[in-house]
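Structure in structure tokens, see below.
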Amino acid sequence: MLLECRNINFRYPGNEALLFQELSLVIDTPGFHALFGPSGVGKSSLAKIISGQLTAEQGAVRYHNDGRVLYGYNLERLPGWSSVGRHLERVTPAHHRSLKEALIEAFGLAEVMDRHFSRLSLGQQNRINLLRYLVQDFNALIMDESLANVDEKTREQILLTIKEMFPDALFLYISHNVVEVAAFCRQILVLRGLHKMPRVVTVQGQDRMKGREIDRQGLQQTMLEIMNAA
Amino acid sequence: MQRNFPWCSPGAIGLLVLLFCLLRLDVGVSWAEQAVAYRLKWLINMSTVGDVYAKEKGLFAARGLAVDLRAGGPERDAIRELELGHAHFGVASADQVIHALAKGSPVVVLAQLFQANPLQWIYFKDRVRIDALADLKGKTIGVTFGKNDEIIMRTLLARADIGDRDVRLYSVRLDYTPFFSGRADLWPVYINSQGVEIGQRLTAAGESIGFFEPEAHGVRFVANSVVTSERLLAEQPELVERFMSALLAGWRGALDPANAAEAVALVRRYDQDTASEVLQAQLTATRPLVQPMDGPPVGHIDIEAWQQTEAMMRRYGQIDRPVNVAERLRR
Amino acid sequence: MLLRRIYQFMMIYGLGVLCLLALKMVADLSDYVIPGLDTLWHTFREVAWRYTLDVWDTLRVAMIGQVLSIGLALLVGIVGRQATWFGSFIKVAAYNVQAYPIVAIAPIIFILLGDGFLSRLLIAAMICYFPLLLSVVGIMSQPIPDIEHFYRQTGRMRWQLEVKIRAFENLSKLTTVIVGSATLAMAGTIVAEFIAAGAGIGYSIRIALYQSDLAKILVALFMIGITLSVYQGVLERAGHWVKQVWSG
């Protein structure tokens, strides 16, 4: 067991209805996993509970050996007083400098390092934001729509790079793109509506890696399973 | 089809009749007494005892006038209100009248309430000795820059040939701390109001105080007078007559020693912060200022004093042309 | 920006004077109630230089008072931004104290401190301090989650960084508040001078009021308006410059 949520009960202050009731899920292995589900079902809320930003009324979240879980989302901004490159320099631990340079290259961001965050496109902004999380020390990273507004080809390249460079870390990728999660993720945790039981259904993904072609039939099967589960 | 006329219902008619009766009643009061607005120069205190007496004893009402006695203050200007039609009569100091005349205001002086200016300077006798004007030399003297006490003091200093370098004029504030603490040697007070109150307090504290009186040194600067507009005087002379007759009767009544207790009680209705004993002493101090022993009758206009006031104001640049104030005094 | 402020003031002032002159004509009022143009011009020539010096004197006090207020408001705002009991206490105290009319305390200040520079400064600072404080506390206690989230997640958030983020993100608002507080500081100083001081344009207005000289008061208002417009324009430009430099 790497990450376990057991019997989570949660509701937002002022709301009578529970968002999660007796919700449980388990992830056993590191790698690239997905949290999938329709809008408003509580994916971001669950991510915040897992990363410790929100506290459940009842239940427990446990990470193996109390590892460090980070949560990044696509609307984050960098401070406006310095360039992107300067900001990355400041927030990158000394032992990850070469990692940072490699990621800048792989994410196609070398040209924007001297620009200010507000002057980048939305796709560039999201890539920069994801990059600064990747250069931190972490055991698990929740990527909440972190590649929104990034074109498909670049997104594919980034996902494959992450999987290759961080084989021992746990990623929980929140996305609405069923093809993407089916193709790249090892496990897809499908979070379902409040009245469906169980709340979370796990579907095995295709877990595509660099240099390995995907099985089209398997992909279609996975997508079907995801849609059925949702 | 039935048409509704709610305003024709008996209830509505009754209401209209009642409303009409009420309005009629109100109008009836207005018809019986003519409303008159009278703006005072300062807050209602012993310096307005005659005005209060005339109102409270029904002297105005007896002449068919419903007078609204309006307290004044530093931001009030009776002459401006006369011209704007907000008041029928007012109280203004001579310098205000002359300033207004210099700027073409159609103001007329009806009566001079104070025959002697109550403005004097208080001093501690153990610190300062003033026997003659020349003794002002080297002193620190409180004046309110821009007000008549500045002109009076400058006239006194000029008479004694004391230049700006020989004396220090200290800007007067709302409190007496500079005087009490010795930063100023002389401090302006109205002898019949603040003079009495502070004098009593200091005397009780064992201090020996004196008052420096400008008139004793030949400087006569007219103080409060009753004013109205030329237009009102021309269009309603009979109203002016009734008002002045009631007002002067009020002042005579208030200053009559036989009515002293009543006059104090009437002023106290408006000035509840001042003790009756102090008001009594203030009345005693006010009497010779308004009605000097063997002097002219209450309200007498001292033309010479007005002319001297105008001359002083011209000399110190307060007005840039003669206004012939004597022509605006209703004798 | 600067010129626009001056134009705007000149237009409003001109309109005001025109309205007064129209009233004077319609109601046939004397120069004593509303001065004519020639009287205004004559008075302007007579007192303009003296009043300019007076306004500068007032502005000097207002500026120092404003700087003190900004410093103090930032200090208290930074402390009061925290969701601790002390932060809440500071906020509640600030909201309650600011409801008290400073002008009512002014006479006590004059009695205790005399009628010199210090009293004027204190009243000016107090009058512009509380609205400033409320704005600064509001700005400083409002998180910028999109930026702060990363620093909190990675354990890098320090109070200095938090203040820096919130100040940077609200720089335009802060500039507007500071520009607005310039009017309050000036008004505070004038009120102080009007009540009891012995210098400054407020004192001159008081004397003009004693003399019932509306022409002098109108000239004083003109001088105050022009000076304040320039000062506010300079503050706006300074805010703009700071933002440009800070944003690279």
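Chains: A, B and C, in written order; residue numbering restarts at 1 for each.
Simple rule for what comes next: a residue touches a chain if its C-beta (ideal position, glycine included) is under 8 Å from a C-beta of that chain, and two chains touch if they have at least 3 such contacts.
Predicted, not measured: the structure shown is a model, and the values here were computed from it.
Common neighbours of subunit A and subunit C: there are none.
Contact counts per chain pair peak at B-C.
Inter-chain spacing, taken between the CA centroids of subunit A and subunit C, is 50 Å.
One finds 85 Å separating the Cα centroids of subunit A and subunit B.
Taking each chain's centre as the average of its CA atoms, subunit B and subunit C sit 37 Å apart.
None of the residues of subunit A touches two or more other chains. Only residues 146-147, 149-150, 153-154, 156, 164-165, 168-169, 246-248 of subunit C touch subunit A when the two sit together in their complex. Remark: subunit A residues 51, 70-73, 75-83, 91, 116, 129, 132-133, 136 touch subunit C in the complex. Subunit C meets subunit B in the complex at residues 27, 29-33, 35, 39, 107, 110-111, 114-115, 195-196, 198, 203, 206-213. Every residue of subunit B that touches subunit C in the complex is listed here, in rising order: 74-75, 77, 79-80, 83-84, 96, 99-100, 102-106, 144-147, 171, 173-175, 177, 318.
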